[in-house]
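Each in structure tokens, the structures are laid out below.
In the two assemblies presented below, subunit A is common to both, partnered first by subunit B and then by subunit C.
This part shows the complex of A and B:
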């Protein structure tokens, strides 16, 4: 069976749009078809993302309770936010969460991926082992860790530490649990990127006397930079969206010690019945992530990371 | 008022936490289905409900749903099982879209008022008159469904607070059940000294359980009269009577009387608390009537021990505050969607749950469904119902002095602050004065806005 071929006449007839070659016309039709294929996705995105997003922006300027209609209050919710101790505290916690997420899982994942890239036997097994925590439902992971850390029967009892009940430890503990669930995903992505690095570079470096650490710093890291930067961006974005482990393990407690923006948003929307204020918090969260994403896009273009 | 965003009543959430209890969310919501034919004459009533267990669901299907469909065959009810954690949001979204269930399940007065203000709920006054609800539903509970002078909801169940204890533990240490503050504190002090937790408590499973304790402290230390006056705007929550009460309560926590230690309070689970009482590691457990359906599996043969549990009324915790105060609470409500195609059938469905006290007695005995707030006599409860359960409901039902739970009689923002602020109080981030002042500051605008639920006479 032979592949179908397209025969283009040497002298294509002029089109009604001013003598452009037929090939351009076909291209336009192709683009149209492409757009048609995208229509369902666009409709879905407009329906479940763009329209609700626009509504959230609108409601952020109202005193909407989440039920019925709200009254326009201008920037009232935003100015309130500036003086809201709970908001400021939650924002700080998000920043701490971001820093933890950028350091611990990133370093662990880079190390794990690098070591795995050197492994020839059982690599798939290790990849699977690292990736499994990411596939486990959050509620299951949380329950496991809650028991592991229990001050009555778990690690907490052994060490005499109440990890989730101590205000000074709770945030770091929950972020740590999140790291455990999350880092295996980074390992797999980093590993895929590392495997695309030209092996000749390592061979040349080895001939020049570079050790594994030098090879990692001088070859691996620069080679996977686009992936690294992308995952840094994603980690920052995910950090601002952190919710599940906090909600399950501590519900924002003790005494707000683990409250993050999303739990604060949730509480305002569904407990305080202040959906307008919750929307404003959501908009601010979106702005933070937008800044990160735009910065990434600008850097990508300027540095030509994909070139 | 149920502060859970999930639409669960406290009772039901706790049952999930305790793992294995049968009781469930009875705030069934009916609707969804288009009703062909004349309004209220034919069609289908789709009922939304979430159950804590398959056994509870089966019991409800067999004993309530089928009985209703047999009695009202023209518009039969069809049960649709919903997840606890999304039911309230699904309903809210559906209502906002002008659709949603025929019967709107409510978790308490706060959301109820918002729903009523948005025009989602059908006034029920005519149905109440026609079907005689005012004669059957307890007056105080009926009032919780009144918004701006109109009845918009019926209470589905009622709750109160009590103490569970292990009589053997008291006997072993030579204690008798406390009747007043001095006796209660003496036991707590002595128990703590012996390494026993005076009151097993914790909010790891349910943060909003903070307000159970605050409700107890407000009513049994400050006193129900003071609470009532504050709720009516005749006194302030920043008055000394409340500050002193909260300071006394804060002391209970910081001394480790509640939960063993402040940090432990944040990690203690409900099963742990019952186990501690069963094993004699804790003297008391303060919880609501929903605990009747939870505590059993931790005692006796089922719990792998020979312990027994008993209940007692929460003692007066300040001189001058009367004994035998029972807090009043409504665990859920049912309303009719203003857009319902079958409002008459929906009213019949709601009415059906109030018609037969014996059925409600069986529901309590066989599936641990808390009874609705209707007049029930001892003969309505099956003979095999645990005497401790029936006697608690009897004591509660005969209460001469009542208190006011925060989840039923406090407006939403005040209630949320009571819950959130409590943790800051016991961890030293707020003083008792600041805590009470912030309650007062939050409550004032809500009182002015008219969102404080009505109080019983």
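This part shows the complex of A and C:
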């Protein structure tokens, strides 16, 4: 599970501020108090996020080891990435992870949410069942699947397959565990979105003889498109930042077969004394996130999506 | 209509099934059941495993345990230091929830109620900083924490949780405060009550549902958090239940039964809270996904 460090589409309340007419001129004292109320937030935010974030940018241009100060090496760390086989392989694994995450959890969640949107009885119960894995800590989810797939005592033993130890299977397996942990979250959001579709559309389609699948394709999907696009964007960002399950289940192994950018960054920062290089990887990840999010926001404005 | 306002309405009100839609049918129910089995089945097998002997797991990996081996739990409790881990987690959760609520509550109040000058840019800043991946600040933060003595302390970790959780919490509380009518505090203000007094006596009681949602999400996120905990705590004495469990699992790879028992000990407190308050949880989570 990801802590809720999530990108935000600008929501209705955010636009409300701009539109609200000033009813009275706020006194100077109230303005001062308002900013005083902001002080704790600004202090922790600058200490933990803004200042270290800015430092990351600086260190990414140095050969800093984590101790003392580094030497300025310009774009050295960035050009190094282009030739670093570990980096390129990690990047490829992130892409595989993205593709898996855009297919498996999305399809499962769309299917589950659509069927749930058509029933009333047990709806809350099913939604609860689907959502439970999302509330389980990643360390526990990892243990659940490690035990289940174990080559000594689980499915791996029955099938004679070493899911996490086989170089060809490990990445897919870890991404599969992530799918299990994460798809129920998508169900909840898809379901909420599907329930706000205008019922008259389904009635009209039913009169025209459209079956459930036909209704899904021509009514549900277009109606929930803003939510769908938003979750696709989120999934891409999350996939690029994936860390927990890889770190817990395989530590990037066997032989680097599951290494992703986050685990590469982690190793460089805390084992290899390459904090400068690690910072540069962090900056690249942040840039990627920014590009995806900004593209999404621009498209949303242009296309006037209301998500 | 924004996705957020859809999500904040109670589910049951919207759950009416459309007249023109045929219900799911046998096939639909079958798929719903299979999906539920996929979600919950692995956890059920995990529960079974916690009551078995290691030999039994190899012979019968998925079925019901022959006997309920409760001693697995006492063994796991001791060997995985679950008591210490749970205590540390409790401190972390309490600290992070209290800190986040105070920090985000004050900020949200200033933005929603005091017409904070420049509030629009603050919102933008919060959006950006909640979108910033932790990989961006993790490395320098680690070295700052080691230099300032905050490394390997629960306080240091609580500060990190407060910082990473406040952007979402502020936006959510602000959105909630905007739904409360302004007349509430106008009267108190005319009576000459100070801003802190108005916030505490008038707004706070009315904002309790929003506060509870933020508290639940913060608590769950903190309790389950792994990356910061494993990076910023080193000594066994400081470890929360997530990293104690991880350390235990790494050292006892072969003992599936004890791992499962320890995992259940970690899982049960949060799952109990979740099941009791599931609606607020689920809808709060949906809000987090969409709004923060």
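Quick note on the criterion: the second predicted complex is superposed on the first by the 259 of 307 C-alpha atoms of A that agree within 3 Å, B and C clash if a C-alpha of one lies under 4 Å from a C-alpha of the other, contacts with A are read in each partner's own complex, and residues count from 1 in each chain.
Going forward, a contact is a pair of C-beta atoms (placed from the backbone, for glycine too) under 8 Å apart; a residue touches a chain by one contact, two chains touch by 3 or more.
None of these values were measured; they are calculated from a predicted model.
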Problem - First (subunit B), second (subunit C), both or neither touched by A:166 - result: first
Practice task
For A:270, select first, second, both or neither according to whether it touches subunit B, subunit C, the two together, or no partner.
Solution key: both
Handout entry: First, second, both or neither for A:150, with subunit B first and subunit C second
Key = both
Problem - Partner chain(s) touched by A:69 [first = subunit B, second = subunit C, both, neither] - result: first
Practice task
Check whether A:82 is in contact with subunit B, with subunit C, with both or with neither, and answer first, second, both or neither.
Solution key: neither
Exercise for the section: Have a look at where A:192 lands relative to subunit B and subunit C in the superposition and call it first, second, both or neither. Expected result: second
Problem - subunit A: partner with more touched residues, subunit B or subunit C - result: C
Practice task
Once the structures are superposed on A, label A:35 by its partner contacts, choosing first (subunit B), second (subunit C), both or neither.
Solution key: second
Problem - Touched partner set for A:302, first subunit B, second subunit C, both or neither - result: neither
Exercise for the section: Check whether A:133 is in contact with subunit B, with subunit C, with both or with neither, and answer first, second, both or neither. Expected result: second
Handout entry: Doubly contacted residues of subunit A, that is, touched by subunit B and again by subunit C
Key = 66, 146, 150, 152, 266, 269-270
Completion exercise
Counting only contacts in the complex, subunit B reaches subunit A at residues 3, 5, 88-89, 92, 95-96, 110-111, 114-115, 117-120, 203-204, 207, 263-267, 272, 412-413, 415-416, 419-420, 423-424, 426-427, 429
Practice task
Name, in rising order, each residue of subunit A that touches subunit B in their complex.
Solution key: 65-69, 86, 146, 150-152, 156, 162, 164-167, 250-256, 266-267, 269-274
Problem - Contacting residues of subunit A [partner subunit C, same complex] - result: 1, 3-14, 16-18, 22, 26, 30-31, 33-35, 37-38, 40-41, 44-45, 47-53, 55-56, 59, 66, 108, 111-112, 115-116, 118-120, 123-124, 126-140, 143-148, 150, 152-155, 157-158, 180, 184-185, 188-189, 192-193, 195-196, 199, 202-207, 212, 215, 226-227, 230-231, 234, 237, 241, 243-244, 247-248, 261-262, 265-266, 269-270, 275, 278-279, 281-283, 285-286, 289-290, 293, 306-307
Handout entry: Residue numbers on subunit C that touch subunit A, as the complex places them
Key = 1-7, 11-12, 14-24, 28-29, 31-32, 35-36, 38-40, 42-43, 45-46, 49, 54, 57-58, 61, 99, 102-104, 106-107, 109-111, 114-117, 119-120, 122-123, 127, 129-144, 159-160, 162-168, 170-171, 174-175, 178, 195, 217, 220-221, 223-227, 230-231, 242-243, 245-246, 249, 254, 256, 259-260, 263, 266-267, 270-271, 274-275, 278-279, 281-282, 285-286, 288-292
